[in-house]
Structure formats: C-alpha cells, structure tokens
C-alpha cells in the first residue's frame, strides 16, 4: 500500500505555515469575494491562491482537479447561459441556441467561486501533512473522532487509488491484461469497482480495530507529539486574514 | 496477586452456530509469561481479543461468563478503559497501522497521544521501544513503505511504547527473521521480569518452551491444559490437539532420554544438550 | 536448462538507497529457499522476477524471456507468485471464484479452470470452504487460499513469499507436501521463508540474502554448516543443527532422525546423503 495522502512534501515556505492560517485562508477566499461586489475581488483572490500554490511547488497537482471540475462547470455555464430565469440580453447565438448575458455572468460567478474554493482548499490539502491538520483542528477543540473522520475523508481518494493498485497487481499477476490500449484498460477497470469497495470496507473495519486497541477513544485529554507551531508568521497571517475579512464586511455594511 | 481472572468464558461470533470459546476458566498472576498454543482455529486469537474486550464489544455476538483484568470487568467496561491497562498486538502486521501518521516515529506516538502522555515523556518511550525492536533507522519512513518484518516490529513497538500492564501478543514474530524473533522474545521476557504480564499466542513451540512460565493449550475453543511447558509438552496425547512437542523433546524421546530429576523429556536446547552429552546407549 | 537467469540486477525504490546491488544468479529446477534478515530485499527480489517491479539496471530472464519485453499478465503464464500478505492478493467474494481467476485468465477453459481450482483447494485442505467468502476466513485460511490460487495456474515456476505464516503444524506439513509434489513435477519452487526447520526439511538449495546481495548459495546442508555467516545475517541454523553443534559436532544435521542416527552411530559426523 502507498502513503495515504495527497500531501506533497516539498518543504517550501508555504509548507511551514501552520494549518490554522490555511484554514482561515479558505474562509477568506470564500467570504471576501462573496461580500464584495463584482468579479475583481474573486479574480484577485484566485490569482493570490495560484501564486501561493506555485510558491508551494504544488501547482501542477491542482491542474487535474481544476480540469475535472471545469468539465462540470462547463455544463453549468451552458445550462445557465441558455436557460437562466433572469436571461434578457442576448449576447450571441450558436446554431439555434441563444446565450444570454445574465446567465453567463451568473454562471461565471459560480465558476469563479468554485475555482476559488478549490484552489484555497488545495493549498491546505497539498501542503499540509494530514496529521498536522487534524492535530491543529483537535487543538482548536474539534472532537478527535470527527478529526479522524475528516482525515479519512481527505485520504479516501488516495486510499482508493492504493487499493486499486494493489488489486490491479493481484490481477495482472494472475494473467489479466491491464496494460496497453484504452480498451484493455477499460475492460480491466470495470471489474475493479466491486473489489475496491469491498476491500475498502474491510480495511476500514480492520483499521478501526487497530485504533481502538491504541486507546483512540480514550476520554482523557489527548496530548500531542509535536509542539504547536509558533513563530511570528503564524500569528501575523491569521491576524491579517481576520482584518481583511472584517474590513470587507465593514465596507459592505457601510454601503 | 491475580492479574487476570477468567471464569466460564463463552463466546460465539455473530451469524455462527458454534461457540468459538466454550467455557474457559483460568487465572494469571502479575508478571507471568503465558503461552497460548493450539492448532489453527482453536480460538487463540479469539481469546486474545477477549482479554482486550474487542470480544464482545467490537464484534458483538453471544457472550457468557466473565473476564476480569486488573480489577476491571471486561464485559462491562469500555474498550478505551481496558486499553489503558492492556495492549494487544494483532496477528496480521499489515492491518494495524493507524493510517493517520506519516512517519514511523509518529505512528509510535499515536497511542501515547491518545493516552494523554506528556509530550516530554513521549520521545524517550518511543526511542526505547524503537531500539528494542531495532527500527530506529526507519523513524522517518512512511509506515506503509516497510517490509513485512519491519512492519511487524513497528506494530510490537507501538504497543510496548504504551507501557501497558498487560500485553497480549497474537503470533507477534511470524514474519521476523530468526534473530529478530529471538530478540523479541528476550525483550518480552525482560518486560515480564519487570512485572508486565505477558500473554502470547504462538506456533513457535521451541520458543514457548524456552520462555513461557505456563502454557495454555486450546482445542476447539476448550482449554485442554494450563501448566508448565514441561508438563504440557510431555503429554502423550499432544498430537491429538494438532501440536508437536519441541524438536529437543522429540530427539530425547527418540533416544529414550528423560530428565532424571523430573522424569520428563528435556524441552530446551540447554537442557537437551546436558542430557544428550551424557547419554550412553 | 535454467528457468530463471538474472544478470547484474540492480534496484532501488528511491535513488541513493540501493535495495538490490548487482545480483547475478541462475535458477534450475531444484527447490530453493531464500532466507535473510528482515528488509534484506527478498520480497523486492521476487517482485522483480514477477515483473511487478522493473530493474533499475540489469536483466531478468524467465524461461528465456526478458521481463522488460513482456507484460506482467503475459509473464503470469510462466511464473506464479503467492504474495506475503494474503490481503494483497484476494479480491473475489467467493473462494472458488478467487482460485479460478488465475487459471481462467491464462487460457484454461471454464471446466479445466474449475477442475484445477478444486484440485488446488483439495491440496490445501479447504475444499469444503469453496462456497465461502474469503473475507470471513481466518488469516491462516486466507494464506492457504492464496496458495491454492497460484497452484491452480500450473505455472512452471512458483514463488511463495512466506507461505507458512500463521500455519499450525498440520498446515506446515501440508505446504511441505505441496512444495515437494510441485518439485517432483519438475517445477521450480522458490520460497522466501523465516522458518529454518522448514527449510532444512524441504529445500535442496538455499540462498542467503543480506543487504541486497546473495551472501551464500549452495545445498541446504552446506549453508547450515556455516553458523558464523548465518549469525552475521541475523539467521540461525535449524534447532536440530543447533543441538548438534552444541554437543560439539561439526556440520549440519537436518532432521531429528538424522540426529538420532548420527548419535547412535557414535560419531560426530552426519551421514553423507543429500
């Protein structure tokens, strides 16, 4: 089995920022564009996120995620551009379908928001060791159980990939062709789904046994191996983010 | 002082017909090293898990009788309470990694964090456990990138680091190289000398004969014998229970050598050596 | 003819941490044990033979075919590997389906595959569990199922990675009988194992791996006659040999019977037989 996480150990500055700051950053990335009008705040935020991802040397890892969600977003744009209830102003027509300004703007807003959230969350997931993340959440008062569930959710995709690799190895070791043309790979992929689900269920059960034995559900106060991350950056960043959010809200209220 | 008292323990897994444990009763003293032997499916793992409370709390199923560990009634307590006193190393090393830690060192800390051990006490305990099991070199390695034997060492170390009063090990050395297995037995014996109560299910008969104080022989969920290794392994009906005596006893039996003091066959290398050297046909 | 030829094989998982360094070896039909310290690279080695990993440099030839030139699935007709962890191998919901999977893939007809699978289950003593779900079975049974799944493929080369894990005496005897039977059929049986007594009674040839190299290679009796080198590789001679050496005799005896015969003969030397 492989390491169960999306985390990329690149050891950059971004990696050293503690997870509390990154969580706050996600909040800001959602909140600030939401309270401020127009596309500009969202775009600015997105640019900032991309810059951070690039600094953390993990931008490449976001692209597949972005690609995948673009697929879904494209359909939103299509539907809203055509059928948004507030559609008035025709922008252009393709064949017999007319695209409207309101629908496109509306769906553009959704796309921007999704991209923003995606990139902000990616910063957290790709540059924070899952254990650190959970730890800091638990320190903030999250129940360790929820913490574990959360970490499992973060790990579910890598876990599935790992299980898939294991089973693929088991299959090709016993003569099933899994390499080669797309058709061969598709044929190999479908029969995988059942076993992968089954296997994941079984390993979840076994893992929970292992956790119980290591006193995971103990009610006494948990301690932490690693000291909380300190440093000026980790006090300044949250402060700046909080101020920025407060400023955005205040500005909005004043309007 | 009785550390463990089991009386009339019966257990049936859910959706099964037959009892996996059929009314076991025995007592174990503090600091004893107990070996559990028996053929496959005789109930060794089930008994191990009953001492820890996974049977019945995790598996559910039908449960009768009682298990007391260190003044706690397992059937009524919760697993996390029992986990403060009892440590369990599972049979399969590949399935006991917490999955939430990125390095071997942190994996060992997992149990300590849950127990609420102070941070400054953690490192020395982890270092000590890693050293005992010879895995210090892999401290920064991802727990999943280890060989089978290295993983099994990590599994044992993570329980030892928790310093339980009672440690239950289910075939803990199945994937270890010969010297590694020997080292583990010596380490465990040293812990038992210092007062830790040890219960170990194991097929390695020579090791059990050498290291355990008493041997519990299980057969189809029933306790056939609970006595010193010499007594248990000298039984004539041993093969009926799917167990063979240690190689050393087999040799001595084949040559008709008994220990003059006890009238039993020698069980260990040292004992057999003394007798064989003095042997004349 | 050699069934496996290995030329200057090197491998690492991450650059700079060499796991196997410059191994050149041949395997003929003799049943062969691979023993060695935890982490010596045994599992890695057999995964390379199976094509699941590719050499960093050097070549592995299976029945004359370079593993670089064939897919893993193609190699499966030649080599069967029983994984160290049965959980890595078992994925069907019914024991019989699991055991039939391999044979069906490599060209046995459904009837043939079924017959091979049932015969293999019979061999490991689990014929009565064919309709069960492997996930409901114990570790020892799962290990036997994983063995049956490979035996049923009738490959010319069979590799076992620690087959005796969790087995009781009867289980070990059964696996011993399977290995002997396969060897008798002229197949190459290659086995990674930590049970020295089992090796002594079962294999003709023994290899000692240490830190990515083959430290010893020879008839099992010769290898076990070198306690110094064994100790250095974190190994030990079989229990019976330990007793033999302890009473002052040189060399190795491999079974209880041999020991007794040697003592009865009143000599220190073991009978010279293979």
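Chains: A, B and C, in written order; residue numbering restarts at 1 for each.
Note that a contact is a pair of C-beta atoms (placed from the backbone, for glycine too) under 8 Å apart; a residue touches a chain by one contact, two chains touch by 3 or more.
Not measured: the values here are computed from a predicted model.
A.B. asks: Return the chain whose centre of C-alpha atoms lies at maximal distance from the corresponding centre of chain B.
C.D. replies: Farthest by centroid: A.
A.B. asks: Between chain pairs A-C and A-B, which one is joined by a greater number of C-beta pairs in contact?
C.D. replies: When the contacts at A-C and A-B are counted, A-B has more.
A.B. asks: In whole angstrom, what separates the CA-based centres of chain B and chain C?
C.D. replies: Comparing mean C-alpha positions, chain C is 27 Å from chain B.
A.B. asks: Need the CA-centroid distance for the pair chain A / chain B, whole Å please.
C.D. replies: Chain centres of chain A and chain B, defined by C-alpha means, are spaced 43 Å apart.
A.B. asks: Taking each residue of chain A in turn, which ones touch at least two of the other chains?
C.D. replies: Expected reply: 203.
A.B. asks: For chain B, jot down the residues that touch at least 2 other chains.
C.D. replies: 92, 94-95, 145, in rising order.
A.B. asks: Which chain C residues reach two or more other chains?
C.D. replies: Each of 87-88 in chain C touches at least two other chains.
A.B. asks: What residues on chain A touch chain B, complex-wise?
C.D. replies: 1-5, 7, 129-131, 134, 144, 148, 151-152, 155, 203, 206-207, 209-225, 227
A.B. asks: Okay, in this complex, where on chain B does chain C touch?
C.D. replies: 38-41, 45, 91-92, 94-95, 145-150, 153, 171, 174-182, 203, 206, 242-244, 246-248, 250-251, 254-255, 269, 272-273, 276-277, 279, 281
A.B. asks: Write out the stretch or stretches of chain C touching chain B in their complex.
C.D. replies: Interface residues on chain C, with respect to chain B: 13, 35-39, 43, 84-85, 87-88, 138-141, 162, 165-171, 194, 196-197, 231, 234-236, 238-240, 242-243, 246-248, 256-257, 259-260, 263-264.
A.B. asks: Flag every residue of chain C that touches chain A in the complex, lowest number first.
C.D. replies: Touching chain A from chain C are residues 50, 52, 71-74, 76-77, 80-81, 83, 87-93, 101-102, 105-106, 135, 149-150, 153.
A.B. asks: Give the list of chain A residues in touch with chain C in this complex.
C.D. replies: Where chain A meets chain C, its residues are 166-167, 169-180, 194-195, 198-199, 202-203.
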